[in-house]
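Take a look at the structure set out below.
To keep things simple, chains are lettered A, B, C and D as they appear, and every chain counts its residues starting from 1.
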Amino acid sequence: MIIILKSGIGDAEIDDVCRRVTEMGYAPHIIRGEFKTIVAAVGEERGRPDLRLLEALETVESVIPVQQPFKLASREVRQEPTEVRVHDVVIGGKVVVVMAGPCSVESEAQVLEVAGRVKESGAKILRGGAFKPRTSPYAFQGLKEQGLKYLAEARKRTGLPVVTEVLETESVEMVAEYTDILQIGARNIQNFTLLRRVGEMGKPVLLKRGMATSIQEFLLSAEYILAAGNPDVILCERGIRTFETTTRFTLDLNAVPVLKKLSHLPVFVDPSHGTGHWDLVAPMAKGAVACGADGLIIEVHPKPEEALSDGPQSLKPAKFAQLMRELRPVAEAVGRSL
Amino acid sequence: MIIILKSGIGDAEIDDVCRRVTEMGYAPHIIRGEFKTIVAAVGEERGRPDLRLLEALETVESVIPVQQPFKLASREVRQEPTEVRVHDVVIGGKVVVVMAGPCSVESEAQVLEVAGRVKESGAKILRGGAFKPRTSPYAFQGLKEQGLKYLAEARKRTGLPVVTEVLETESVEMVAEYTDILQIGARNIQNFTLLRRVGEMGKPVLLKRGMATSIQEFLLSAEYILAAGNPDVILCERGIRTFETTTRFTLDLNAVPVLKKLSHLPVFVDPSHGTGHWDLVAPMAKGAVACGADGLIIEVHPKPEEALSDGPQSLKPAKFAQLMRELRPVAEAVGRSL
Amino acid sequence: MIIILKSGIGDAEIDDVCRRVTEMGYAPHIIRGEFKTIVAAVGEERGRPDLRLLEALETVESVIPVQQPFKLASREVRQEPTEVRVHDVVIGGKVVVVMAGPCSVESEAQVLEVAGRVKESGAKILRGGAFKPRTSPYAFQGLKEQGLKYLAEARKRTGLPVVTEVLETESVEMVAEYTDILQIGARNIQNFTLLRRVGEMGKPVLLKRGMATSIQEFLLSAEYILAAGNPDVILCERGIRTFETTTRFTLDLNAVPVLKKLSHLPVFVDPSHGTGHWDLVAPMAKGAVACGADGLIIEVHPKPEEALSDGPQSLKPAKFAQLMRELRPVAEAVGRSL
Amino acid sequence: MIIILKSGIGDAEIDDVCRRVTEMGYAPHIIRGEFKTIVAAVGEERGRPDLRLLEALETVESVIPVQQPFKLASREVRQEPTEVRVHDVVIGGKVVVVMAGPCSVESEAQVLEVAGRVKESGAKILRGGAFKPRTSPYAFQGLKEQGLKYLAEARKRTGLPVVTEVLETESVEMVAEYTDILQIGARNIQNFTLLRRVGEMGKPVLLKRGMATSIQEFLLSAEYILAAGNPDVILCERGIRTFETTTRFTLDLNAVPVLKKLSHLPVFVDPSHGTGHWDLVAPMAKGAVACGADGLIIEVHPKPEEALSDGPQSLKPAKFAQLMRELRPVAEAVGRSL
């Protein structure tokens, strides 16, 4: 790290900073400029508590990290891309993988119908929420275990692996029994207890970026799961919060190439939550594939206008089928398949 | 709610919208303009699932709520301000209440020293973290139950009630045994399971706004606690995420008068996390009191440069004492006391 | 518009609101709910001063527009897409048009070299800045008229039409003499005097979204140009300011389908300024074309590490050539050509 | 500056970077870490084009400035606070100075009435807009020179100096003839031609922060005026754009102590534009004074509900008088007077 001292700092104070740097296990190098003195602290920063603490000193102006704070998630530590295998589906390989299904599981008939339709159109994994995090306490909160059972039934009939969200540590084991991929939602991106717990379960995790999560924090949240011994983390961009209100969130496709540069983990995009409007899902899905996403997660509902959650952003099965047909040439144009 | 239909929508489609509005329990009123037809759906919106679902219809351009979605937290439902009592401390009354203490509990000696010093300076409640949510898995995660014991010891010696953060549903009961106020941190503002659980504990809750939480979402999170039967919720602004980087977050003091207008709940401000720099704590604390905050929560550490968390934003006890002296006339200038 | 009155408002006050609505040229309709009364003000809102003024009344809670405030830019007013013709280049048609060239014109040799190279690779229009808006007064401010002459020379030799930025009303005429398309930069998006002036020049205008400009404000800025009699406006997304710092700005590709939905004007994307890093330009350029952009504007410099402005986001000519080869199949995948 | 090289960079490439650093006038110091090599470039950074250009090199990961890029605006260069004198009003001294008046000048009667009322209540400077930057081309654009004449008349009758906005370089001289302080509005914060022009006029400048302007960019815009020879710059925070929509902008009071720390220039706050709602003006005005603002600029209108611009955020004269009475003890509580 680079420690920038305040103007007019004397030798005794520089020595004090260097002593602290040494005690924290780094080698200090002093560089005296005309206006500022800086101390470069040399040593491995990744995976260690940080020197930024020294900003508490009245002699220090600021402390600037040189290395990224995550380690296991880093492309520097592992150069080849991680492939996550879920039965016979390979995530992070040449094939762009599409997960699709209803926002909420509402009934057995609904989930079976959607599962059949999205499989027909080429989706490889079935999504569906049984535990729903809802902004309002008065909104539908999900069918809970009953919903998981419907998902399991849909998997049995279609052969599609299932991804579903887990909301709380108490239900991780129960959810893990029914699902193939555990999803951590945007609102739990810094629920560190939950991250550690899913890290211990030995099942792939779909980790959604929070609405105010920086790329660095996103990879540090992935690091919690990796550090718990689970290498199978799939990152998912799903929209950040900005001043713009024509979209529900601002789907940040820049995150795709940035994450691919910094990390070896597969990167997905959720254009349904990211935009909040069904008519924006198709263009943003194509944009996501073209800029390098390894997969998509898309909401499909037979009657969006009667959905118990997120109807306005759900595609009808026919529109989803059309999108899949349109996505294929885009995937091929960037050397992938669908 | 107001349902704005797309241009060129015919009578059959308007009837379809009205039928749906009626089925959802609202009375529809059609208003035909030259360019747009709108349907006003009359009825109580608060505490009910919402008509925005109709945005999923291809005939609907957008749906605009007329009422706020929260109910129990609303000033319309309860006009007089809520006062939360913690032993003999009244929160939300004429006195501006200051909570102070270390970010993390690090040792018994540390917490006892700080408790004594902040009491001397006029703090009414002791803060201290035993369970720490940390962005990096490699950072200090708190002393856990041992930390709670040190806090209890400090309370015994000083008589100061204690506020501490609870991170997960499994430890709510344990934390509640030791503390007087349960704190929900910014990262758990939409951990709805946790909100419901603290709502059931019968202890006051200090609820911190998340870094990307809108005022409306903030009050809906409070609504989860209130709806679980707990009326003693203290709202706390602690900085939102914006493009500005000279401060760690952007402490949003506007939230103080906005929350006081919309809700009857007491409103606190955390200038330590909100700014991230100890030298900004004093001016922003004064600003908070002047614009109407009912209290402050401030980090104090005897040696910030050796703190295990958030040293750069902690005040030394002497600086805290000075701040308390300077706050008193500000509180009086706005008709409060300290 | 919809005027939501405060709770407990009596008949006399409702009448007062209705009277004001009528005086402002709208027809008021009163809808009395159980909890709120609203007044719907029926009439053309587009292109008229707005009723939101009534929010100044103590009886009014809020005023909500029903129609978009822009008119000439609106898809409702003109349904077929606008095509802007610049010599034999058609912007907004089937062909995705690429504008390329150096950020700043630095010398005749530089601009001639780049112009030749980007033409070879398939760019249809040459970009280059002669007047540079720079954050710091100490940075290179452009070659001014001399730079325009070099651009004109490059056009003569290559046949490529030229786009260049105009910074101030005084130089609009001079710049218009040399250029084929006038560019309004992000920092001038609400320089209304300048917008009107370029609106009067009869040359196509490339209008860049500002870093904090909402979609609605963006189209209102376009409206200034259109209202001055110039129909040839090309909208350009170039990144908005958010909390994320791994990219210089957050290129908002969502703006592409949103703008295409709301407006008939062609939509371009600038992945160079939008991301600020040359290695993100190619993926985001592909994403932009896949999600429906009508064109791209890309910075190309023979020696980015010696550029007088924005070197870090400039492509070398060979990388630009490769990008153009890779873009072609993406354009074809979405039914366009390049 | 600190230049962080990519992993695995060899000696020849390090030498190349050092050679470039030397050519740009800095002294390079190489620091080899276990994982990263960094080059510290020693020398004055302020007021010079910047080394960040080197980020264009494929061998460089990032370049981090050590010094602030502004110079004349910097507290390091000038330690004592700048006082701006306007006739007998001292801005930036012990007295908190309040500027007040209508958003737009609408008629002679209106401006004379408001001028008299705000003077009576203790305002020291009269504000009023004659040239109005309006988001919509269909909105009232100001009375222009006629408005300036009314302001001059109001000054003659009340003795209050006048501040008014100048929108464009062509009218700077005309506006300067009538006004005592030239205001640069938020939308022109990076209209560098205009900044230079007002810098040459020899009149104090009230410079409003833009809605997406970082503190660093704000001070660089001030630097344009200072570098043109005009030392009398007053900074004004007026709200930034964030995700929060209950306020029109997010008034960033943190900017007050941050600017006072980095710069010697006086700092004002505009709670009218910053919040957009008249009932938030008083609490935020008090907050601003308590956290250290040198002054306020507040909109006052006799009939806000009929104002030609910004009615919803204007105070009636009686409410303004009350605010001034309430502000006095707040100013005194922080060692100032009003």
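Heads up, the rule we're going with is that a residue touches a chain if its C-beta (ideal position, glycine included) is under 8 Å from a C-beta of that chain, and two chains touch if they have at least 3 such contacts.
None of these values were measured; they are calculated from a predicted model.
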{"item": "Most distant chain from chain A, judged by the mean position of its C-alpha atoms", "value": "D"}
{"item": "B-C against A-C, pair bridged by the larger set of C-beta contacts", "value": "A-C"}
{"item": "Centre-of-Cα separation between chain C and chain A, whole angstrom", "value": "31"}
{"item": "Centroid distance [mean C-alpha coordinates] between chain C and chain B, Å", "value": "38"}
{"item": "Where chain C touches two or more other chains, by residue", "value": "212, 241-243, 245"}
{"item": "Residues of chain B touching chain D in the complex", "value": "212, 214-216, 240, 242-247, 250-258, 261-262, 274-275, 279-280, 283-284, 286-292, 326, 329-330, 332-334"}
{"item": "Residues of chain D that touch chain A when the two form their complex", "value": "2, 4, 7, 29, 31-36, 38, 40, 42-44, 46, 64, 66-67, 76, 241-243, 245"}
{"item": "Chain A - residues contacting chain B, complex", "value": "20, 47-50, 52-57, 69-70, 133-141, 167-170, 187-188, 190-194, 196, 210-212, 217, 220, 223-224, 227, 241, 277-278, 304-307, 311-312, 314"}
